[in-house]
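The first chain written gets the first letter, and so on, giving A, B and C; residue counts start at 1 in each chain.
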Amino acid sequence: MNVAELSQIAVNALLLSGILALVALGFSLVWGIMNIVNLAHGAFIVLGAYLTFYLHEAAGIDPFLSIPICMVVMFALGFAVQRALINQVIRAPILATFLLTFGLEILLVNLVNYFCKGDTRSVTTAYTGAGITLGYVRIPYIRLAALLIALALVAALAWFLRSTRAGRAIRATGMDIDAARLTGVNVPAVYALTYGIGAALAGAAGSLLSVMVPFDPNLGGAYTERSFVISVLGGLGAIGNVVLGALLYAFVDVFVGARLPQLSEAVTFVVLVLALVY
Amino acid sequence: MSIAGTLRLLFGCVLPLLAALAVGVLDGRAAAEERITFGAAISTTGKTAKEGEYTRDGYQFAIDKLNEMGGVRVGGRAYKLALKYYDDESRSERTAQLTEKLINEDKVAFILGPYGSAPTSTAAPICERYRVPMIEANGAAESIFSKGYKFTFAVLTPAKQYLRGIVDFVLAHDRGAKTVAILGENEPFSKEVAAGAAEYAKEKGLSVVYQQLYPSSAQDVSALLTTVKSFRPDVVLGAGHLQDSLLIVKQAKDLGLRPKAMGFSVGPSSPEFRESLKRDADYVLGATQWTPALRYQGDDPWRTPKAFADAFLAKNPSYSSVPYQVAESAAAIVAFQHAIEKAGTLDPVKVRDAIASLDIMTFFGPIKFDGRGVNVTKPMAVEQLQPDGGKYTVFPQAVAERDGIYPMPPAPAP
Amino acid sequence: MLLAVALALPRFQNPYQLLTFTRFLLLAAMAQGWNFIGGYAGFAAFGNVAFFGIGAYATGLAMLSAWHVPFFPALAFGSLVAAVTAALVGALVLRLKGHYFAIATLGVAEALREIADSWDDLTNGSTGLDLPIREPGAFFYYTALALVVAGLVVTRLLAPSKMGLAWMAIREDQDAARTLGIHATPYKVAAFALSAVFAALAGGVTAYQNIHVTPTDFFKLQYTLEMIIACIIGGAGTVLGPVLGAAVYQVLSTYAWSRFIELHPTVLGLVIIFFVIFAPRGLMQAFGATWRMAKGERRFRWTDLVANVRVNRVT
């Protein structure tokens, strides 16, 4: 591997880590606060991507501008789902929420498939493919923008959790649900809020992905898996951890992807299992 | 056992069995009809949805045309043709299930192939087990035919030859071309295409600087393309399906990878390719089983490629051009027609023997199957998408509509 | 009596319906296997399709090898390979709990799929294997039936035995069990290996039946989910539960597939959601409750339907 290739790969990894961090953040938040492994996370990503696509096709809205719209819509959907469905079984054994979110994922993805058809889509704008070249390395604008937006959202979330009343309520509930209840926190609402935020972040990630890769209704599954691995790698609990986890994962993924693409998932899971066991 | 226990057993086992029986009865059976029904499991959704649509439309178009002309003559009577198909969602185990359903439940007379080599590989053994002939038009992997199955036949040119035309095209324009990079999807057909391309390139004196397979479900090949870029190959070849060629072109542009020529086994000939990529599709080469510009004189309702294309576009105005999948699928029907009429009966084994001994010329090209069931007599052609928005046959030179543009000029400023 | 009905079934069904029944039986067998580790021992394994695939490939490779091993010995070989794999993997992975265990097993299944896809020399990669063709007939049905009956017998014998009780103790509270002197590890590994054997046997039969074996088809996540759902519907941790659940699931699935073929996963998703929220202990428990009501021991209250929700929802 020569310098040019190495540096391009490093840059690719850096750019990728931004979006992976965004994807994993929502997932990690829900897991950390509510102890729910949200297998439906991928479905929100897909919904975000399709929403952006249709907004672009039908109304000409630039995909980056549609991110706030996606976030609001996904938040509402996530909030409703949590309130109506998931809250009902939160205290049941873990398998229950696991299966429930899984059932939800199958349902949502299939509905998308049914209404939007399984064709591969992609959001192509005037600036798709453009980028700047610095020495050996080429940086596509879109990926750079995705990285910056992802970081901005991460920072926004961190601020929210630390400085607002709602954010503190979320953290308190995550630490000790009974104590939180005693101090007057409305736990079901907090849970719904948390899940909604997770969904909103997933939706934003979906919007960004829609311009970066060709996608179809099955886009989400791989990202849910990756979110899981990143959450485990980084450790639940702090946003910084998730970002680090994403960075680590992105590097491993890109390096392995350059040399042994066929085994990239196998390697990912070996890393995961090792991380879990030790 | 106590009453409770017995009742529990009753609920546990009898109820589901009865329910299942009920479902079986409710499902009903297909009524026997005075027609020849062809069954097919086609991917109208999923990864190869577009190609599956082309396949279905090709079958339907040919069937409609033959029906218009009176149907197929068997032993003095004319039978109309019908198509019964299900969506296999581009998933090969579905294809197997659906093929079983078509043969056993829907009681179709013959089977038409699905889109793709992987699904065809799952359907072939089923047809073999039930001894129902299948003519397939969209599964080019030779591995399907290495098992000694007697009931499966392919009208299309096999996988190994797919990218040969592009290699020849490049060498015809540039004797000095030296290096080739090959990317392939990790599934039966593309693996063979990639391997065949590598072998042929080496034979012709090119050096294969990079050859790598990527997973079928890959949504990001930028890591691979980064490595490819570092080798600065003259030619980049992709062996995959439509979705993959879209991905590679997009991400290559992202990374600034612009070789002298870029060619794909599947993708550029589909109208979807140009629609999705718009200007980014310019100069890309595509291997194709057939184009309307070729000159064949066939023993079928349309006779020439051009006539076929015109007729198809007239009946299917939503298409801006005719993808080769449509033509090869229609050719499968033509092959069946000839075989059935030759056999003079609808008996599956006799029809199978008739198919095996076919030797005809059609608008699609020559159709003659070797001992394995592969149509080795038909050559591949090459198309190129050019900046005026059109797609032209550029190889073989004898039938080329226009000269191909080589090398690819530098990327236009954004 | 029931067995007689089951044995006579093939005579009344056309081959396609027989296929559906066979599929139900194989699902029931796999569900019974999962029941050991997920139902009795309480460890939700999400990767049992790995053993299904191992069974399929091992059986296939044995039959295609130079020795041309006949079907049943090949099947036995397949289950052996799966059991050994389960023991090795289990030793490593059973240390984890809850979500972590679930995802680790999922990871194993995915990794195996990729390995099977890439290891061309052994498995012929994505091109797949083709087993010898067997004439259509009731062979597969009877084999699957035998499998399910064996499963019932094994479950019935093990549930009240020392092993079964140990499993239940581990499920309720692993640490408490340990203080009572029950070494969790051998029991957990045994449950895991047993589940692997059933999955592998089902895999081998399916391989022979489908003839063509590929990594994508035989290491599908969907099969694991179907096993688990069948258990949940019927009642995990009971003897008849998996079989009952498999039957219900198969009926729903077949019906959904023939009527709403495009929306069939949506139906599945709704079923899962319904059962998880309202009847997580499965139908066996529901029947038990119904029976008690019929005997007059309890009165029916509408609130019974939402009893599960009451207990488990957050307030």
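By definition in this document, a residue touches a chain if its C-beta (ideal position, glycine included) is under 8 Å from a C-beta of that chain, and two chains touch if they have at least 3 such contacts.
Quick caveat: nothing in here was measured; it's all calculated off a predicted structure.
**Student:** Report which of A-C and A-B is connected by more C-beta pairs in contact.
**Tutor:** Higher C-beta contact count between the two pairs: A-C.
**Student:** Taking each chain's centre as the mean of its CA atoms, which one is most distant from chain A?
**Tutor:** Max centre-to-centre separation from chain A belongs to B.
**Student:** Per the centroid of Cα atoms for each chain, what is the distance between chain A and chain B, given in Å?
**Tutor:** Centres of chain A and chain B (C-alpha means) sit 36 Å apart.
**Student:** Need the CA-centroid distance for the pair chain A / chain C, whole Å please.
**Tutor:** Chain centroid spacing, chain A to chain C, equals 31 Å.
**Student:** Which residues belonging to chain A are in contact with no fewer than two other chains?
**Tutor:** Within chain A, residues 113, 262, 264-265 contact more than one other chain.
**Student:** Residue numbers in chain C touching 2 or more other chains?
**Tutor:** 114, 117-118, 262
**Student:** Among the residues of chain B, which are close enough to touch at least two other chains?
**Tutor:** In chain B, 45, 186, 215 touch at least two other chains.
**Student:** For chain A, which residues count as touching chain C in their complex?
**Tutor:** Residues 37, 85, 87-92, 94-96, 98-100, 102-111, 113-114, 187-188, 191, 225, 228, 232, 262-266, 268-270, 272-273, 276-277 of chain A touch chain C in their complex.
**Student:** For chain C, which residues are in contact with chain A within the complex?
**Tutor:** Chain C residues touching chain A: 38, 44, 92-93, 95-96, 98-100, 102-104, 107-108, 110-111, 113-115, 117-118, 225, 228-229, 232, 262-266, 268-273, 276-277, 280, 308-309, 311-315.
**Student:** Write out the stretch or stretches of chain C touching chain B in their complex.
**Tutor:** Chain C residues touching chain B: 2, 5-6, 13-17, 19-21, 24, 114, 117-118, 125-128, 130, 133-136, 210-212, 214, 216-217, 220, 240, 243-244, 247-248, 250-251, 254-255, 258, 261-262, 284, 287-288, 291.
**Student:** If we count contacts the way the header does, which residues on chain B are in touch with chain C in the complex?
**Tutor:** 4, 7-9, 11-17, 19-20, 23-24, 27, 29, 45, 86-87, 91-93, 96, 100-101, 104-105, 118, 121-122, 124-126, 128-130, 141, 143, 147, 186-188, 191, 215-216
**Student:** Quick one: in the complex, what on chain B touches chain A?
**Tutor:** Within the complex, chain B contacts chain A at residues 45-47, 49-50, 89-90, 186, 212-215, 217-224, 226-227, 229-230, 242-243, 246-247, 250, 253-256, 276-278, 280, 414.
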